[in-house]
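Presented sequentially are two complexes of chain A, the first with chain B as partner and the second with chain C.
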Partner chain A sequence: MTVGSLLGSLRRQPVIAVAAIVAAVLLILAVAYPLLTHVDPNGSQLRLRLQPPSWLGGEGLLGTDQLGRDLWTRILFGLRTSFLVSIGACVVGAVVGTAVGLAAGYFGGKLDAVLMRITDIQLSFPALLLAMLVVGLLGKGIWLLVLILGLSTWMIFARVIRSAVLQIRSTELVVSSTSIGATRTRIVLRHVLPNVLGPLAALVALEFARIMLAEASLSFLGFGVEPPGISLGAILAGGRDYLQSQWWIATFAGLFLALAVLSTNLVGSWLQRVVDPTRVTT
Partner chain B sequence: MTRYLAGRLGQFLIVVGGALLVVFILLYAIADPARTMLPVGTPDNVVADFRARYGFDQPLLVQLGTFFAKAVHFDFGESLWQGGSAIGSVLAHLPATLLIAIPAVVLGAAAGLVLGTVAARRPDSGLAQALNVFAYGVISVAEFWVGLMLILIFAVIMGWLPTGGYDPKPATLVLPVLVLAMKPFAQIFQLTQSTMVTEYGKQYVMAARAKGLGEVAVAREHVIRNAAIPVVTLGFYELGRVFVGTAVIVEVVFAWPGIGRLAVGALEHGDVFLVQAIVAVAAIVVAGLNLGADLLYFRLDPRTRSVLKGGS
Partner chain C sequence: MTDAAHAVRTRAVADTTAPPENPALARVENLRITFDRDAGDSVSPVEDVSFEVRPGERLAVVGESGSGKSLTSLALMGLVDRVGGRIADHSQVEVLGVDMVRAPEPARRALRGGGIGMIFQDPLTSLDPVRSVGFQLGEAIELHRPALDKHETGKLAVDLLDQVRLPRPQALLASYPHELSGGMRQRVMIAIALAGDPDLLIADEPTTALDVTVQAQILDLVHDLCDERSLAVVLVTHDLGVVAGFADRVVTMYAGRIVEQGATEEVYAAPRHPYTDALMRSIPPLTHREPRLVAIPGSPPEPAHRPTGCAFHDRCGFAEEHVCTTERPPLTLVEGSSDARRVACLRLTEITFPLGAARATERAESTGPAGAADGSPLVSVRGLTKKFAIRSGGFGKREQLTAVDDVSLDIGRAEILGIVGESGSGKSTLARCLLRLIDPTSGRIEFDGRDLASMSARELRKQRPRMQMIFQDPSSSLNPRMTVRQTLLEPLKIHGRPADEQTLVGLLDSVKLPASALARYPHEFSGGQRQRIAIARAIALRPELLVCDEPVSALDVSVRSSLLNVLSDLRAEQGISLVFIAHDLAMVRFLCDRVGVMFRSRLVELNGNPEIYDAPVHPHTRALLAAQPIPDPDVERRRRTMRRDLLNEAGDPSTEGTRNVESA
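After this line comes the complex of A and B, so read on.
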């Protein structure tokens, strides 16, 4: 599937096209704004605390929080954290999961049985509770969070890659490569892996969205990013105490999170339909 | 058949045992249980006494042995934060969680099933597309944000419902149940829709129509019966997911005294004994529900039975 035909298919699906644009704009904002702004996201001005947005007669584009920090700036820094954690966790999950899925699917047998049983067990155990446990005991830090969330998603990658490999393994491509004497490693890396990249890309987008929500949930509960780190979940937790009168804090932080997750989810589901019409499911 | 049941039961025990092992490794091997439980800055001799009192000074393998020996009898020690036995504290908080989790899954499943069937009848209609966008929206929003927004609208602005707190009156249940029902609804809606669309494309539907059955009879007598099997089992999985996943968040948002909020408190207080009791109960409930789902699938779908009889 070429980039051109992907774009062509986008033109026929206005909802997905809008979602892709929203996701791109949010990504650019989250990357560029923190680099360009002079406003300190942690700089509190107690004189200006709990100000409504400027269009309601207050201060700043989206108002200020309980410590007088600019909400617009904080939300974009929080969005950057969301993207950063999700990208990191997706890389961890995709690398581990793809390796396991390739091994299980291609080599089969006992290895396959053991690996799939492990994914079963982890899939049936609640990821949120496990993540809270690890963070609660080992301390809070963004890299630990990336690792935990990455390891909470590898099984899904492993499952999907495994079933894609099983389909490819019996095709003429692999049979003929074997017959001309290609080694197993070569077949897996040169022939099987490129053919599972489609489902992999779709899955990355969907898991990316899920991890963004998981990070926000953990930070909301106080088991995620800690100050001076900024997370949308933590902003929401702070805004919760001021819901009665300062509704803008929780409302806008959640709105940006929802936009980011919804747009990546829609793009992911579309990618899944486009690259794989038969739907390789978990 | 017996082999299948034994295998599934074995898997249940492996999941529960595995969860306990992971908790043991985290609590006792990676972290230091005495330092977790005692406040920062506790003098070393007090820490040493504490270790000796709870047997934390024993070799790890010995501790592992005692841990599992006690766990078999549901003895997880005394909760330092709540007082009394840890397992008792967990069981006391269990009904509150079930009070919102069960209605939420039932509500979500019922709505998902009905609307999924409606959407599957005419997949290209405006209604079906609107429902699909709605389901995507529901999957994509954070429960804690929706919870807070509902509190803002219905409790703060309108004043119709309380903002939270435990009171088994219908009014306090509305918002937590609604928020908890979101994800099960979306999951079951999507699954119902996709399985129903597949079922409607099958030849038996054409045969049923050809012999003159009306659309309602085709749906009720044939399509729903086949599509319901994965949907019902998904409902069980969803209950497990709600129970220890979303319930934590919803209980915190609505100040609901279930085991989710207990888990947050136990971790914040470093209450090792309470933490292990919570994980044990959560693992048993979730693995039990998954086991229930598999057995139900087995019960509902005659094909699995014949395959198993012929196969092993």
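After this line comes the complex of A and C, so read on.
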């Protein structure tokens, strides 16, 4: 899969191409925020509170919030939190879930039964409620949030990876590797794992967007990132009271959140389709 | 048929000699089927195909993968648009007076299951698993015979099951597809196809998923039904042996075009197209042991990558530069032959095939390759048994399936041992037990004097380089994410063997693949080439024993013989012992020194190569030999009656597929 053929595939799918550009722009905004704003995101100027965007005769690119903080700067920092938490939680969930799924699927038997029951038990808990409980007990913090959200998603990875492994086990790949003298570790890491990367990529794409929303929800409810940390969910919560008159606060925060979730989801599912080497490249 | 339609047709195919009053049942003219691809371009898997089906005749459409034979049969059923294909404007497909391209869908639908009966490859997926046989048969009858009342429908259903020779038809109506064996399911499919009292039966690879003995019975049944009901059949298949015993006329397709057509006897006696000729000669004979098979180089092209000019020129021994490579051969009438014998070859008049002569001389020389060397056997198996625990239905009730039952055999050094048997006979389980890829329940497997069955995992891994295996489906045994280089390097790395470029190129050379293959991925190769890669990996460690589990069954007919030659060379050049597992007795005849026959988990007969063919002892061996299709119409016709008695004796259809299940 070369860069050229990836670009060629994008050219044939304009919707995905737009989504890829949007996702890239959002990521650049989240990473390169110092170049785009020089304002302290928490610096409140009560004199300039609830100002509309400058192009509507107000203050700042996207206006200010109820404490007079620059909304554009806060959204940039919120995006940064969104990406950071989602990437971190996905890594945690994918690593834990893949390990569990590989072990359960490849070795089967009692280990499989025990691991899958644990998975079932955790799946039966509402993830957000559990997250709120843990936050209530252990306190807030962005890295704790990464861990909690990561551990709220590993079960899905475990299940999908397990079924993918079972499918590979049923082919002759495992037997033929055994017959050349490969050890079990080698078979799992060199033959099984690379062949479940396709479903893994698809799932990361879906879960990435879901976690982004979950983080925003938790922050909206006051269980997520707390000040001075900034989250799009918290901005939305703050803007909720001003929807009628100062619409821009909730609208722009919500718009950026929606764009981030939608574009990463589209790009993720497209990537999953094109990186599969068994697919004949046209 | 209207005058206008007729006029269009005669204009479209000026060279078609069929007179207008010829009452053809079905007529395909200038059929071209095109698919649009994601990339924006399009491919045409079927190009310019014309033929007709006459009332009551058995017509076979033969071809390999990518030949367009199945799409052609879909066109006859008016189903091409359902699979996303387009039929060109100048194409005509007419069945029983209905235009299957342009007629409205209801008219076409009425014909399917009515005037046209259809049978497909896998009866398990074509039958509804949650409906009883009686329901599905009744449904077919109600759709196409609305005049019948409930009582008459029931009677007809029983009558149809009786016609397809199913025992106890009344009781069978209440059973479900999963309760029936493969052969019985296919009989039910045929009964459903007959429900609309068709004039034309289209059978797309109807016996490919079945065992040879069942295949023979099903084909004989369809053959008889044709005579009884004056039914015309279009049999779509890849198997030239099946055609010989079945068809009156044969249409051979290659790369989307018809390359040869004519009466079966004439085509088989003297094929005139280089492809047909090479294909016939590449099939190993059952009557004697060839020293070497005629191999066709390369593999059939995919629709998107067909060569210019004659599509066969790159594999043809007679191809001439600037003629065959540039000009597309028209399908022309062969002079002096009867019954619309046509061949699409530019050099038709220039070349002659020494088919008959070649066969006679080879037979005279044929003594077979040197037999096994003397001395102690490499592998000695005693009392090998493998049982699987299967859970069935109820709480904690366990049953055991005996897959291999008390098998004892020896494999000599540099010997090729064939194991034949039908599906479920335990031959694949035996193969895996031999290499201890699965643990046997009891018995000894002595490999060079040491018992594999009781060896520790670590010890076993040390022995692995000495014994290797090749599987049926190379696309599932090779890692799709590893290049050929990585694939070949892996065994060498695991066992710490030196692995330089020269070694890898040498491995590829011994399976006749170019060095340029190293950097590519398995999916970039054809099925036959992939199997060569699998063989190259297996011999990388210089094993003493190579177990091949149906290594060519998944491959196209034209690439099989060259692979069999490769296997034969391995023994001759490297002294490797081979266990060759197959269901095709003709391939075993060519390759093996001794043959074992598995039947219901037991090794029922084991004998030397000429002996077991000349004087088979066990009834199942005799049944297998009688059912093996032979690509010779004369022989097949003579065998049909003899076969019927033998197969009836060997297996009642009501018991076929019975497994050795015992309570534990």
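Brief remarks on what is shown
What we mean here is this: the second predicted complex is superposed on the first by the 258 of 282 C-alpha atoms of A that agree within 3 Å, B and C clash if a C-alpha of one lies under 4 Å from a C-alpha of the other, contacts with A are read in each partner's own complex, and residues count from 1 in each chain.
Note that a contact is a pair of C-beta atoms (placed from the backbone, for glycine too) under 8 Å apart; a residue touches a chain by one contact, two chains touch by 3 or more.
Please read all numbers here as calculations on a predicted model, not as lab measurements.
In the superposition on chain A, A:G222 makes contact with chain B only, while chain C stays out of contact range. In the superposition on chain A, A:N195 makes contact with chain C only, while chain B stays out of contact range.
When the two structures are aligned on the shared chain, A:V96 is found in touch with neither chain B nor chain C. Put chain B and chain C next to each other and count what each touches on chain A; the higher total goes to B.
In the superposition on chain A, contact of A:P126 is made with chain B only, not with chain C.
By the document's definition of touching, of the two partners only chain C reaches A:V175; chain B does not. Looking at the shared chain after the overlay, A:I87 reaches neither chain B nor chain C. Listing the residues of chain B that touch chain A in their complex gives 11, 14-15, 18-19, 22-23, 26-27, 30-31, 36, 133, 136-137, 139-145, 148-149, 151-152, 156, 240-241, 244-245, 248-249, 252-253, 263-264, 267-268, 270, 275, 278-279, 282-283, 286-287, 290. Within the complex formed with chain A, the residues of chain C that make contact are 37-40, 432, 435, 437, 461, 464-465, 467-469, 471-473, 476-481, 490-491, 494-495, 521, 523, 534, 537-538, 541. Chain A meets chain C in the complex at residues 12, 171-173, 175-183, 186, 190-191, 194-195, 197, 277-278, 280, 282.
Residues 15, 117, 120-121, 124-130, 132-134, 136-138, 209, 213, 216-217, 220-223, 233, 236, 239-240, 243-244, 247, 250-251, 253-254, 257-258, 261-262, 265-266, 269 of chain A touch chain B in their complex.
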